[in-house]
Amino acid sequence: MSLNEFLPLAVIASSLLPGLIIFVLPERYLALRTALNLLGAIAKIVFIAMLLAGVQAGEDYGFRHAIAPGIELVFKADALSLLFITLSAILWLLTTFYAIGYLENAPHRSRFFGFFSLCVTATMGIAMAGNLFTFFVFYELLTLSTFPLVAHRGTPDAKQGATVYLAYTLTGGACLLTGIIWMNSLAGNAEFVHGGFAATIGDGHETALRIIFLLLIIGVGVKAALVPLHGWLPKAMVAPAPVSALLHAVAVVKAGAFGVVRIVDEVYGAEFAQSLGLLLPLAIVAAVTILWGSLRALAQDELKKRLAYSTISQVSYIVLGIAMFGSLGTIGGLVHLVHQGVMKITLFFCAGNYAETLGIHKISEMDGVGRRMPATTAAFSIGALGMMGAPLTAGAISKAWLVDGASAANMEWAIWVLTASSLLNAAYFLPILWRAWFRPLPVAWPEEHIPRRKWHETAWLLLLPPLITGILTVALGIFPDAEISPLTWACFIADVEYQALPK
Amino acid sequence: MSANLRRLAVILGAATFVWLLADTLFTLPLPAVDLRPLVSANLAQSGVTHPVTAVLLNFRGFDTLLEIAVMLVALIAVLASLPGDSSRATVSDNTDDMLPAFSRTAVPLMLLYALYLLWAGAFRPGGAFQAGALLAAALALLHLARLMPAWSAPGLLLRGGLVAGFLVFLGIAAALMAGGALLQYPPAHAGMLILLIESTLAVSLALILAGLFLFVSSDGGTPK
Amino acid sequence: MTENIALIGVFTVPLLWATLAFLLGPGRGAFVAITGSVVQLFLALILARSVLVDGPLNHSTGGWGAPLGIDLYVDGLTAAMLLLTQVVALPIFVYARSYFAPGAHAARHFWPLAGFLIAGMNALYLANDIFNLYVTLEIVGLAAVALIAAGGGAGQVAAALRYLFAALLGSGAYLLGVALIYGTYGSVSIATLTPLIDVAAPRVVSIAALLMFAGLMLKSALFPFHYWLPAAHGGAPAPVSALLSALVVKAAIYLCLRLWLGPFAPLVQAAAWLPGVLGAGAILWGSAMAIRTPRLKLLVAYSTVAQLGYLFLAFPLLTPGAAVLGAVTLQAIAHGLAKAAMFAAAGIIIHSTGRDAVAEVAGVAERLPLTLFAFALAGVSLMGLPPSGGFLAKWLLLDAALNAGHWALVAVIIAGGLLAAIYVFRVVRQAFLNLPEELADRQKHTGRPVPRVLEWMAFGLAAASVLLGLFSVDLLKLIAVGNPL
Amino acid sequence: MTSELLFAVTGVILFAIGAAGTILLANLLRRVLAFNIMGSGACVVLVSLAQRNGIADPVPQAMVLTGIVVAVAATGVALALTRRLHQLTGECETTSSVEHD
């Protein structure tokens, strides 16, 4: 097996194998379990680094395995997949640290970390899937491996949340499956290519292709939480904080958004999708989602719920960017795929810290928490400002590109949507910051788990990850076009997708 | 659906079925394949002179092998269906002496006739099954005449008797693989082998058939 | 010669060890059974390999050859079913060995009966003679009935009787069909009959075919003939349920398939929609019942009713040239493995909670993670989610249905998957709940500790049903050998 | 029509009666009898159709012999189970309820 075949597999195996081993590990083998987790996470990042270098040098990486005559599992590590797996891998490493601290002496940790690794594996598979069949395999694997994490606490509303989650995702999966098989019956088991393969199917199938597009978008839209398919996301917030952070801020919703990218750009191809008149409706759905998510977020008092609705709104920035016909929008969307992940995970880390340290779950309980937990709250503030698109944060960059994309695709209304959304973001984030920093301390916190010590507002393992991602948020905002930043990489992708560098 | 309606439906269905099927039978052409010449042509190599026995133990011997398996399964099924606690096998006190007297004379004759049937099977109607059935009847008669207790869970000896026929048959069938195929008798020894199989089968079948009756009657059979 | 010995051995070996187990006495024989099953698995592999390499294989018992003698025939389909039977039987036997408490009444005659059951099925797959098939059907039927009834209470005995009469009615209809066929053509050899039967065949042949199919559908519990199955499979001891649900019903369906594609092919094309409709009914009805029943094993049994529906659903697609046979067989195999695993897991759960109720599964995720994992994995295959064998089968079926433009079938298959998800996750999500106090106390008394080997057997079967979806190239190649499609 | 055909039709009728009985009757002993009638009907058809031109055919006769033995076996099992059910419940009928336990 050549290196070019080995690396994609290695990226998958580096989380799959630890996961499987951890399942059979007895609960008490804490050190070994931790070692396995970190080893896997670090190994993965090393492999990905090799891939990044290789792909920039024009190498192409792929692996295929026939599972039945005419049906193949195909993995391709191309520029687009790397954007996604790099993000997931780095955040996985941070989240692993965080989870180790978060779940100290909690029960069922073997199960938790086992399925956690499976989720990451599934995400890697989705990112590197080379055809719709492979994409579906890992898409459903993600659903299945997330279920136990949502149900992890074993409380009735955990069961409830997990059930709702399944009801949405499995139904979406059924639509996706129908669409994929239909598409394959027209195009054969075609593989993703820049510019898409649907155009080659030829005339006479336009209607079929439109219906298929609808089915596929519904399929991935459920995970991307497009309105009206978003109902599961707030309910799934019963999961432990690391799960909400990595999965519901990054892996699951991003898998959906990523699916939209693949379908629009590499199944249909932007031009063909545009010619079928599919992009505008998609853009409208995205716009509606953006506004609806922000509006609902305003109404939430529970911190995680508000973040969840904000996620719903933010993820659709990506979809909106892709749905804008033109390279600028695509770049904006792709960059936001990364930036939103970094910012949102910061916020969820902090929310988890508040809950773990002081038992704060509601925004109304956050008065003066800034003085009790300055570092955490600083990270939180950065994330929040980023979400609003404040200058010098990652959010500013992606929004700028999206606006340019909108005007380039002369979709002025999209600009209004983005502006409105930014205002709404401000409307539901600034009050939190104000409470946290400027309101007086309460007499007592809801339930203080971790007492304050000098220079020690909470456990280090809980504090470091949000600080790192917070700093990252700023860094991405200040040096957007560094040697290998998400932005440059997104331009690289748009370059191959549209064969023309953006002016 | 009410019971009467259901009954009516089934009966009507059965009637139409008979009508449709019978109707087709009248216009049925003669078969394309005729096995009779084949049977008589190969009778010489079959080791027996009676065509039915030849089919049973040679041409379609595989059927018969599996059929013995069916009998064994049935017997084990009966044993398995017995209540766990029934191991008492009693001869209840003798009420009349008519039946015993009759059986005392009948059973030896039945044994004799069974032997004849077994031997006759080679060249005229008869054979292991008929013989076995007759022997089983004799055993049942003995039990009904209260000269023999019902059988409780079988001991090793009885179990051996029950499976002996099948084991011999199976063993010979497998050993004949040497000839290239299952149950491929060498014409020279076919007669002898078939006789061996038939005689052990007769005993085992007798025990099995009797067992179907005698094991079941070992428990009171009254509701608990 | 080796493959001939393998061919004969695959049913003589179980006949032998079944007899020995009986000879050894009540409750004895686990060892010979497991040893024998290992040998059978080995022989089945030899057969499969030889079929894959040298094509179909014919063996004339007694050396006479059809139509005078009885022929045994192995093609890819046969070899695949033989493999399935041995692959499921072996772990289930290891499971049964630890499952039955020593001296348990249900176990006293388990081994000989199980042996005859397996032997009967293996012979059934091989026989190429419709009368010999009748005898094998009876072996399988009676052994199955006995296994259900053995040492059970009134409910089990009643279920066994209901099953027995269904089976007898079925084989009776089948036998009359055989009689009519023999009366018409003068032969019972499938090889001889196939060229003789054509579209111009007299109507009596169609009636015979109808009788035989009806009988077999009764035995394979195709909706609406499924009435006997839930009580029988839901009431028997777990290892028995596993064997029945995973294998026995498949035997009758296999026979349907053989006759459908073989001798009766010219007659059935017109009626191909009928099994399809009944199959759809089975999927919807079986799933609906599985979603409603409060009992765990009954849920699994109803899921069998539903899953068998997929096999008949495919009959309208079984047109020459289509690769549907592969999909059907794959579904049969995947379901066999998954269902055996699921009954094994259900048995473990009931063993440890002491109650056969879905509500009592709470807390199993904590106590028996491996068992729950096995149950869920098996469920993945039943739902047809990737990367399981059930998924691959469903994918192939959907592909065929779409290419043939059968949108109704597509809809049913998709709906069936979602319904399966509902009843599988009914159990799984319950298992994640923390065990309520009062139940915990009660289960201390009713429940018993679980031997690890039980859990591993269930897990192994489930894992196999999932991995099947990733490594099916050779299997599908094998199935394609010598089948008329 | 020949006497063989008469036998065949009789066999069909016996089968139909037996089948209807097996389906309709509630009492298990009667159902056992009905099943036996059904089986013998099938056997009669098998033998008689095969010798429509008068000459006996040994093959179906041997097959019928097998069929009879199989029927005996099945009857034995059915009776034993019926007896067992009677011991347990005091009745000779199967209830049709699935939940029955």
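Quick notes
We call the chains A, B, C and D, going by the order they appear; numbering starts again at 1 in every chain.
Going forward, contacts are C-beta pairs under 8 Å (C-beta built on N, C-alpha and C of every residue); 3 or more make two chains touch, one makes a residue touch a chain.
No experiment lies behind these values; they were computed from the predicted model shown.
The interface holding more C-beta pairs in contact, when B-C is weighed against B-D, is B-C. One inter-chain figure worth recording: chain B and chain C are separated by 30 Å, centre to centre, where each centre is the mean of the chain's CA atoms. Distance between chain centres (mean CA atoms), chain B to chain D: 16 Å.
Note: centroid distance chain A to chain C, computed from Cα atoms, is 43 Å.
A straight line joining the Cα centres of chain A and chain D is 67 Å long. Across the assembly, chain B contributes 21, 25, 28, 31, 35, 39, 59-60, 63, 67, 70, 73-74, 77, 81 as residues in contact with two or more other chains. Across the assembly, chain C contributes residues 131, 135, 138, 142, 145-146, 149, 157, 180, 182-184, 186 that each touch 2 or more other chains. Multi-chain contact residues of chain D (touching two or more other chains): 8, 12, 19, 23, 49-50, 52, 63, 66, 70, 73-74, 77, 81, 84, 88-89. Contact topology of the protein chains: irregular, matching none of line, ring, star or complete. If you check each pair of chains against the touch rule, the ones that pass are A-C, B-C, B-D, C-D. By the touch criterion stated above, chain C contacts chain D in their complex at residues 131, 134-135, 138, 142, 145-146, 149, 153-155, 157-162, 164-165, 168-169, 172-173, 175-176, 178-180, 182-184, 186, 188, 227, 230-231, 234-235, 295, 298. Looking at the complex, you find that chain C touches chain B at residues 4-5, 8, 12, 15-16, 19, 22-23, 25-26, 59-64, 67-70, 105, 108-109, 112-113, 116, 119-120, 123, 131-132, 135-136, 138-139, 142-143, 145-146, 149-151, 157, 180, 182-187, 192, 196, 202-204, 207. By the touch rule above, chain B contacts chain D in their complex via residues 6-7, 10-11, 13-15, 17-18, 21-22, 25-26, 28, 30-31, 35-36, 39, 51-52, 54-56, 59-60, 63-64, 67, 70-71, 73-75, 77-78, 81-83, 129, 209, 212, 216, 219, 221-224. Within the complex formed with chain A, the chain C residues making contact are 323, 365-366, 369, 373, 380, 385-387, 392, 395-396, 398-399, 402-403, 410, 414, 417-418, 421, 425, 428-430, 432-434, 469-473, 476-477. Listing the residues of chain D that touch chain C in their complex gives 8, 11-12, 15, 18-19, 22-23, 28, 31, 35, 38-39, 41-43, 45-46, 49-50, 52, 60, 63, 66-67, 70, 73-74, 77-78, 81-82, 84-85, 88-89, 94-96, 98-101.
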